[in-house]
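By letter and in written order, the chains are A, B, C and D; residue numbering begins at 1 in each of them.
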Amino acid sequence: MKRIGVLTSGGDSPGMNAAVRAVVRKALYEGMEVYGINYGFAGLVAGDIRKLTRRDVGDIIQRGGTFLYSARYPQFATEEGQLKGIEQLNRFGIEGLVVVGGDGSYRGAYALTKRGYPCIGLPGTIDNDIPGTDYTIGFDTAINTVLDALDRIRDTATSHVRTFVIEVMGRDAGDIALWAGVASGAEQIIIPEKGFDITGVADNIREGREKGKKHTIIVLAEGVMDGKEFAEKLDAIDNFHVRVTVLGHVQRGGSPTARDRVLASQFGAGAVEYLKADKGGLCLGLRNEKIVAHDIVDTLDNMKHKPNLDLYKLNKEISS
Amino acid sequence: MKRIGVLTSGGDSPGMNAAVRAVVRKALYEGMEVYGINYGFAGLVAGDIRKLTRRDVGDIIQRGGTFLYSARYPQFATEEGQLKGIEQLNRFGIEGLVVVGGDGSYRGAYALTKRGYPCIGLPGTIDNDIPGTDYTIGFDTAINTVLDALDRIRDTATSHVRTFVIEVMGRDAGDIALWAGVASGAEQIIIPEKGFDITGVADNIREGREKGKKHTIIVLAEGVMDGKEFAEKLDAIDNFHVRVTVLGHVQRGGSPTARDRVLASQFGAGAVEYLKADKGGLCLGLRNEKIVAHDIVDTLDNMKHKPNLDLYKLNKEISS
Amino acid sequence: MKRIGVLTSGGDSPGMNAAVRAVVRKALYEGMEVYGINYGFAGLVAGDIRKLTRRDVGDIIQRGGTFLYSARYPQFATEEGQLKGIEQLNRFGIEGLVVVGGDGSYRGAYALTKRGYPCIGLPGTIDNDIPGTDYTIGFDTAINTVLDALDRIRDTATSHVRTFVIEVMGRDAGDIALWAGVASGAEQIIIPEKGFDITGVADNIREGREKGKKHTIIVLAEGVMDGKEFAEKLDAIDNFHVRVTVLGHVQRGGSPTARDRVLASQFGAGAVEYLKADKGGLCLGLRNEKIVAHDIVDTLDNMKHKPNLDLYKLNKEISS
Amino acid sequence: MKRIGVLTSGGDSPGMNAAVRAVVRKALYEGMEVYGINYGFAGLVAGDIRKLTRRDVGDIIQRGGTFLYSARYPQFATEEGQLKGIEQLNRFGIEGLVVVGGDGSYRGAYALTKRGYPCIGLPGTIDNDIPGTDYTIGFDTAINTVLDALDRIRDTATSHVRTFVIEVMGRDAGDIALWAGVASGAEQIIIPEKGFDITGVADNIREGREKGKKHTIIVLAEGVMDGKEFAEKLDAIDNFHVRVTVLGHVQRGGSPTARDRVLASQFGAGAVEYLKADKGGLCLGLRNEKIVAHDIVDTLDNMKHKPNLDLYKLNKEISS
């Protein structure tokens, strides 16, 4: 393969720029050409495509977001959408693609591969909820962003002896809540993978107060329920005057951490190696500290992401 | 005066620890003794008081919150509350107080002064809404915390071409919104000191899109209205799909900035000089880069805090 | 004036991008055109000049350094250099300039003004050593960067009971050392504006140890002497095993703080107002929280920058 | 085992407090008592020991350094030192120890185990150079601290078109240089595990300039040579005007990252489980994302730490 494209799709995450930079630099190193596609599959269909040089990816490794922009584009699931995309690939002479994103992006990558345009999927999301990898691009940055917020909230919680519920992102996965919760020493972590019993949560707050704890911090994964709803349930049991903070979109941004930049660089360079060998239909992952490749369909259909529930047990033992 | 006390009252703010450290160190330097009172006026009435040594304030200058804890205690407005407080002052031989906090704290400081216990008020709040000073302890840290959040949100806003409303603190004052808004290059800043016209806000978003802007960021002071309500008003005009983030309590915490630590240190040391000279009923402020003292009653009754509205005009000219 | 230029000169500082952005946006707002000149006066002479649009300055307010690049170019002090520069100004139809930088930049700005091309100088340096202003663009960011480093060093100093000398920037001025020293609670601050007595420094370390202090942190302004040399002098007196850290160029970079971005924006917009009125030969400053303009020659010849030496006294009283 | 001790030894690293907190909390959870030993083995011998409660480890998870202080104490390699230590263990009824530190600490832990006092070693150092684990406590924080410094230096390097050599820690290991180098997009990484050819380094700088690169950043591991010496070698070849920054002790401090806090918590709790089962002579590690235990002697004598040299190759391909 001599000419490849790269796009970012779905929700953006810190490290996507580092991944694109690695794709471009590695491809140039291997004597290939690279085209950047703006706005994900939407831009592919629209032909929003340009050649990328070494300089275009200079000074971007440290930036959050994605300079190729991103978009959700469900229409790419249709044959019509895919054929329009292929028209553009042909127009620019692009033979294969690196696609950075989540489940939907993987489906698009697989569809194009089946139609003769090998694609490699790279897991890019802060939520860490993509099967086939221990960590996704952006997760490490997100948990440190959340941790910073939790540290700040603890300052004020300690000063005033209060109970806080902090709702964090993660879609259906509890990974962000688990890692940031353990790291911040949160009293309780509520995740979708484990049920919760609101009276148990309330009892735990009261026990903490009896032990002389100055504050109770409860980290709630958005996949469980809304932070405000959770706080109302708690206040209905006892007069806790629970404060709620919904961290929101700050969790998606920020300069990527060292880990996220290194991981993204490894993924980006790895993807080019597969395309160079004309291989597609694969998604890359980090497994036990090694970069691995899986079949996309097998990954989406048969693998399941599981958070590290040992952390859940650990927190119960050392933070309550 | 030979023995003084120090307390923090009302909402906590970054730099309060630096102020207390300066009070203690300066008093020891002047040959005085210092007692720390926990939980503000509530702790004074309850006698939650202890002698502070040089070591007690070591390694705290960099910490957010207040290690003396804080509390709101409206009962101190009553004669009964004040007399109970004085009982404790007598019990510990405390002759005067440094009180770090906001309006309510100043009232308490004035009441004790009138009753023969000279007190000095120091402006401690992130909201910058205390008369008699250009800046309060904690404001500089808060605007940088908000700025960091706005920078992160811009990453994702740019990647997706979106409109964001970010609700920031400030009570009835627009200072946090103004400073953080200008510093982040926010497209619009909505503050209570200026009205707003929702159709004008909407027009501005549309104009920005026509100019090719990748995102619109609107910083909304909490004193205007709730972020969610504001977004609903906007979406009622046009289909903007506005995203809302309410930054919440993260704004109160964090390690204080250089400015806040320096200002708090100046205030703390300054307060001790007045008490040493047996002067009370004063509140300190920073005016034109100088530490000044005002009469508390005069400050609360006749001075009015005004944000720097030049920044409002500036932002209209360079950010829209 | 209808067409202006903007350049950054001398050492770069965080906030220069925010200043250039404000120049561009304000000029467009006023119906003027703006040209960006790369590499300071060197680029002016070489004609490395391009028109700047609203988009060119989008998404740069948060970036350290200067996207117009900077350079030192002593040749601009000669008539030959100035005439070559004017040739380029004429070629592009540029009628006046905004120059962000230090003393040398001001001299260049003045020379061009005298030759009929009005220029406004803006103080851009981390060192805060430019007369006519309380604060320069970049100073606030630099003291917070130094403060972050000092906080980190204290962690390890405390853990091991050690003495550290940290050399900080500032050229001949002690401002960075003073502010970061007070803010970090450094035991001693050594600046060029005050002499020092090495045996006094040594005595102070020993006194601190006797009082049970876990560490001694000495902040040394580079204008005094080299950190290594200073440490050797100390170790010659007693076996202190002093550790030295020279912070170096990290102090020049980083995303600007809220204050630096706001100040830079005010300066940039202010400069355009003067050029619009065809006024030149002025440099702007912040005096008592107000933006003011001074004659450049008067500023360089008759004003003298003085650090706030009250901070020096304050630190002696509360940190030793 | 019913009563255990915990100490930190050797160079401090961010996350040591999180490890001690986990030891204390987990031990209390298991119904054991915990004693904190100040200043490592030196404090053990001196009997600087106190009982730790839940509160003693509250609000420390986020702090750099070690609140138990640390020290190097080579005398503990002698029989005399060990017997004195055991005397103190007997005096306080301590049956086993958790020792956080490096090689020397492991030797001490092994010696005490052989004498009947089971000890568990936990790898605590920023250098990542301890065998038996993929990552040590503090490494992740250190690479992010270095990365922040490199990002700042790039700001100014880009603004001025310069060549920088940044010397980073790591003792004989290149891990910090490798990770921070890849993450920052450094042009060259020089580590002890790979030789270097100074003319090759110089050629690479010149090639970069020819390609239009605005800066060259070279990350140099301290295990290779002194930064100043390296720069002089470079400048002897060509007139590069290389700037050197030696990051120094800032690398050891700072609030630990999410990873370091989670890893330290896992290690701390894991150590208690082994002691509870009366097992000693082990050191814990993270291998392929799992907490594992190795025999200390086997680890020190037969295992060898190796950095991930794939990163070295990766950087050559994507950053030059």
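Criterion: contacts are C-beta pairs under 8 Å (C-beta built on N, C-alpha and C of every residue); 3 or more make two chains touch, one makes a residue touch a chain.
Values in this document were obtained by computation on a predicted structure and should not be read as measured data.
Student: Compare the contact pairs of B-C with those of each option in A-B, A-D or C-D, and report the one where over half match by residue number.
Tutor: That would be A-D, since it shares over half of the contact pairs of B-C.
Student: Between copies chain C and chain D, are the contact residues mostly the same numbers or mostly different, with half as the line?
Tutor: Same: when the shared numbers are divided by all numbers used, the fraction is over half.
Student: Please tell me the distance, in whole Å, between the geometric centres of chain A and chain C computed from their C-alpha atoms.
Tutor: It comes to 39 Å between the two C-alpha centres.
Student: What whole-Å value do you get for the distance between chain A and chain B if each is reduced to the mean of its CA atoms?
Tutor: Each chain reduced to its C-alpha mean, chain A and chain B end up 35 Å apart.
Student: So which stretches of chain A touch two or more other chains?
Tutor: 151, 154, 158, 214
Student: In the complex, go through chain A and note every residue touching chain D.
Tutor: 21-22, 25-26, 29, 54-55, 58-59, 61-62, 134, 140, 143-144, 147, 151, 154, 158, 179-180, 182-185, 211-214, 255, 257-259, 261-262, 265-266, 268-269, 288-289, 308, 310-311, 314, 317-319
Student: Can you list the chain D residues touching chain C in their complex?
Tutor: Against chain C, chain D makes touches at 8, 11-12, 14, 63-66, 69-71, 145, 149, 151-161, 164, 214, 243-254.
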